[in-house]
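In the two complexes below, chain A is the common chain; its partner is chain B in one and chain C in the other.
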Partner chain A sequence: MWEQIRDNQVRTVILVTALGFMLILPGSLLGQTVLGDWSVGLLLALLIWVVMTLVGYFQGDSILLSISKAHKIGPDDMPRIYNVVEEMKIACGMEKMPDIYIIDDPAMNAFATGRDKNRASLAVTSGLLQKLNRDELQGVVGHEMAHIKNRDVLLMAMCSILLGAIVMLAWCGSRILFFGGVTRRSSSGGGNGQLIILLPAVALMIFAPIMAQFIYLAISRKREYLADASSALYTRYPEGLASALEKVGASTEQLKSANNATAPMYILNPFRRKNQVAEDLTSTHPPVSERIRILRAMAGNTSLSGYEAAYKNLHQGGGSIIPGSALLAEGSSPHAQVEGQASPHVEGVDEVRTRARETHDALWKLSNYQMIACQCGVKLKIPPGYKGAFLQCPHCGTVHSVVPD
Partner chain B sequence: MICPACKIPMIVVERNKVELDCCTSCQGVWFDKGELELLLDPLTGSIAGTLIENIMGLPPAETTEKRLACPICRQKMKKVDIGKTSGFIIDVCNSGHGFWFGEGETSKLIAQLLNGKPEDKDIQDKMLFFVGDTLRAGLINRESINTGGD
Partner chain C sequence: MFIGGLVVIGILVVVVLIIVGIYNGLVGARNQVKNAWAQIDVQLKRRHDLIPNLIETVKGYMQHERGTLEAVTNARTTAIKAADGGVAAQARAEGELSQALGGLLAVAENYPDLKASQNFLALQEELTSTENKISFSRQFYNDSMLQFNNKTQMFPSNIIASMGGFKAGEFFEVTDTAEREATKVSFS
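And now, the complex of A and B:
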């Protein structure tokens, strides 16, 4: 995987430099237009760029987790996800367990973030935990662990932070230009020259966020394939991820806490048109239908080369998607061939309900709800702010005492 | 979840692995879309989706009751009459996040049940029966009573 890691480091540097230019150019032009001195604008842009880069590197993961409204959980809060992450940690040979976060949202999605494999976090939505079975959850966690192991996480975190900041600055810049710039124009006395500078400045400010988005697109698509391939390798069961992607892709639920800058982090693009399933076109991710097709075409060979072969099979004449060194390093793994795929487990109604309750109960506990199990089978979950010392079970009428906060 | 009418946190009542959010102050009940799916068809959720869409598509009821905001998206909900014979008005979120049963409606459901006429013919009845049956003893905030039941 060294090639991939090295590649990610180079890309991170390129990204930071490219975004630096994207800041400096409009910054200087804005300085020239508004203050009549380009050096002030340049200095300011440089300063913002340095601060953003440092913040992105050191605090990127915490910022992303907090804007996604993710809550950290321990091993006892939700054993199911913890066990799956632990299994995948062992499968991919990582030393340190990543921190696990839950996003309380019925939409299904997941992402990984962090600086390197010693400081990494994995976030999943409650909707994902509720609706995926163990095989599917393993597939998704395997995919995210691959992002951590391939060091995609730092690049993705930097991208999100820098892109977010540029969009914000462009928004501020355009306001300063249109509302603040007009009043000062007479004092600097530029006349026509003013207009010549103003036009490219406006153009840059409009295009900078779009360009930044393109960089983001280019870097995020290919690594999704590699993460899918690695997930199949770790779980030895590509159908798990395929079926998970199918469920996530078919859901019409919108993730509330996602925005343009954080969208490419997720396992599947969180944006949908209202009541529509995930779109194939214009997405930050490869088409989900294609990802599912490749996984399903692997036919028992769960190695990276198996994924590569399945991809080539579906894209006659298309290029390769798994880095050569990764394939070489893999060699002919003795475990990669799986003899006959297990038939997908058909789950019952009760299983789905039980999983829903496990997931929600963990969230209630995280929010400090008090749980009372009534003898009639009803469970009462009482919020921390409940006024009153007693509560009657609405089903059977038994009165329970409530422990005050 | 915050009660759309009283703006205080609601208690959660779980029965048969399906949750209802209940307000002990105004006796209102919020039936969330996800929970409705768990009740009607946990495997696909399509029956619940159809029921919600059908109810969302009903014309707004003529009533002087105050319109309430959906506890999920905070957008004003629509009042619709889903009663087959007499008026039975519930609030439905325009984005399909769930249903709100006001105090009058929950007591109607409970009364209907205690009169021994539980209707369980279609999916809508199934939902109403579940709400009524879960709350058959009523939502009473007992502030000063001894424990131990009656």
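And now, the complex of A and C:
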């Protein structure tokens, strides 16, 4: 576990530096074009960055929680969520209980924030509490606790605030350039020399926020997979998180208090168009359907390596998504061995799913779909209007001949 | 000559640092195991404390279930006594308590008035959660023990472990399958 945290710390430094660059570069260019002195702009941007970083480190969590209109609860206000958080705290071996916040909103979402595992907060919407059962809630809370344990929360808090600074600077900068700087330059007849600096400044004002967002998202996506894997490890029950993600992904309610800076922190991207489901539209997170598929493919092996194996199974030849150091730290732990005691649900669920699948197939057959059972275990369903003579199995690639009936 | 001496000293320093690192890792792992074990105890104790409340709450509703209530009370007394009598005895007594509790909560299903009582619902939530906490702390204990055992048995940390007197410990196994069944029925 420590390896993985150190990995994350190194990445935090690189990321924050890269983001800081996105702040400094436009800042100094802005100083050059407007004030004619790049060092003033650079110093100003640096100052903003340092102040923002300090504020982010010490106060980031409270700022984010107040932006999200979250209020704190104690053990007696809402015993169920408090208990579930305490259960997950025990499961992941954390010493201090994180603060729990509720966002009064019918939308379903959750996020964690804070500096480290001694000062962490976890926020869930009231909609999530209402619509999820205990197992699903456990999966979601486990995911958020993993963010806290892997110190993703610090990275998220600092970066979202830095991102905010860049967006702010770019916004102000572009206004100054368009309405102030340009007119003054043209009247004083600055000539081509000014234009050469002005053009990249304008371009940077536009591209810096976008670039910064890309850097941010790239990291955030990978951390999501690791948090999913850790959640399965803590609960020993990946189906809980999978079905929670399914429910959250299928809901069309929008979270009112989320904004661009806080979006990547939620368990699922809170921004979707009205009346549209979240499926695969997200960019701050890996596609939901993908996350659910991996979790369901884990079967009995709920270790981190089990998650990795499930991912590899679904993506033949795909890269690895769990940092190698994390797998190494886990060692050759035979989780299946100590697993039985904590997951009494697994067999029952498999049974239910098989039954559901059989019912499904019966319904397909009723509407004249043709079934071909591939040797890899996949059942191909061919619509009645299918004209082709051959069909390739999307899973293993075997070609089947279709007999028209 | 001088450079050679420096190299030897450098190698020695590195070796000492590695040994210190491994030793500290072992101590850390052992402390984590101890802490995890303490967690299990905390949760078991919590369950003992909850039971008198539960009995008090359900007594008025369940006049005809004297036997079930007594079974729970007796199992609790036995479990508290067994706390001083070794891990195996404790695990067995706690298993029986789980079973008795499961029986009580299953019977409670037949009393709609009781199930509608806020007090009972709150207690049921607490009990469910405590059961979960017991199994999660057990799970964490086993994971910690596994890590510790791996360290005491794998090369090269096993050398330091045997010199420092670190001995591999046992997992907390649930020997009685009936306990699992009972938990499954009442708390799913």
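Everything that follows uses one rule, which is that the second predicted complex is superposed on the first by the 317 of 405 C-alpha atoms of A that agree within 3 Å, B and C clash if a C-alpha of one lies under 4 Å from a C-alpha of the other, contacts with A are read in each partner's own complex, and residues count from 1 in each chain.
Here is the rule we go by: a residue touches a chain if its C-beta (ideal position, glycine included) is under 8 Å from a C-beta of that chain, and two chains touch if they have at least 3 such contacts.
Please read all numbers here as calculations on a predicted model, not as lab measurements.
Contacts of A:S66 after superposition on the shared chain: neither chain B nor chain C is touched.
Contacts of A:E86 after superposition on the shared chain: chain C is touched, whereas chain B is not. Once chain A of one complex is fitted onto chain A of the other, the partner contacts of A:R236 are limited to chain C, with no touch recorded for chain B. Of the two partner chains placed by the overlay, only chain B lies in contact with A:I382; chain C stays clear of it. Using the contact criterion defined above for the overlaid structures, shared-chain residue A:L391 touches chain B, although it does not reach chain C.
Residue contacts after overlaying the shared chain place A:V399 against chain B, while chain C stays out of touching range. By the touch criterion defined above, A:P106 lies against chain B but remains apart from chain C after alignment on the C-alpha atoms of chain A.
Residue by residue along chain A, chain B and chain C are tallied for touches, and B comes out ahead.
On chain A, the surface touched by chain B in one complex and the surface touched by chain C in the other have no residue in common. Residues of chain A that touch chain B in their complex: 106, 130, 347, 349-350, 352-354, 356-357, 360, 364, 369, 377-401. Chain C makes touch with chain A in their complex at residues 32, 35-36, 39, 43, 122, 125-126, 128-129, 132-133, 135-140, 142-144, 146-147, 150, 171, 174, 180, 183-184, 188. Contact residues on chain B toward chain A in their complex (touch as defined above): 8-19, 22, 24, 33-34, 38, 42-43, 133-150.
Residue ranges of chain A in contact with chain C, taken from their complex: 79-80, 83-84, 86-88, 90-93, 134, 234, 236, 331-333, 338, 340-342, 344-345.
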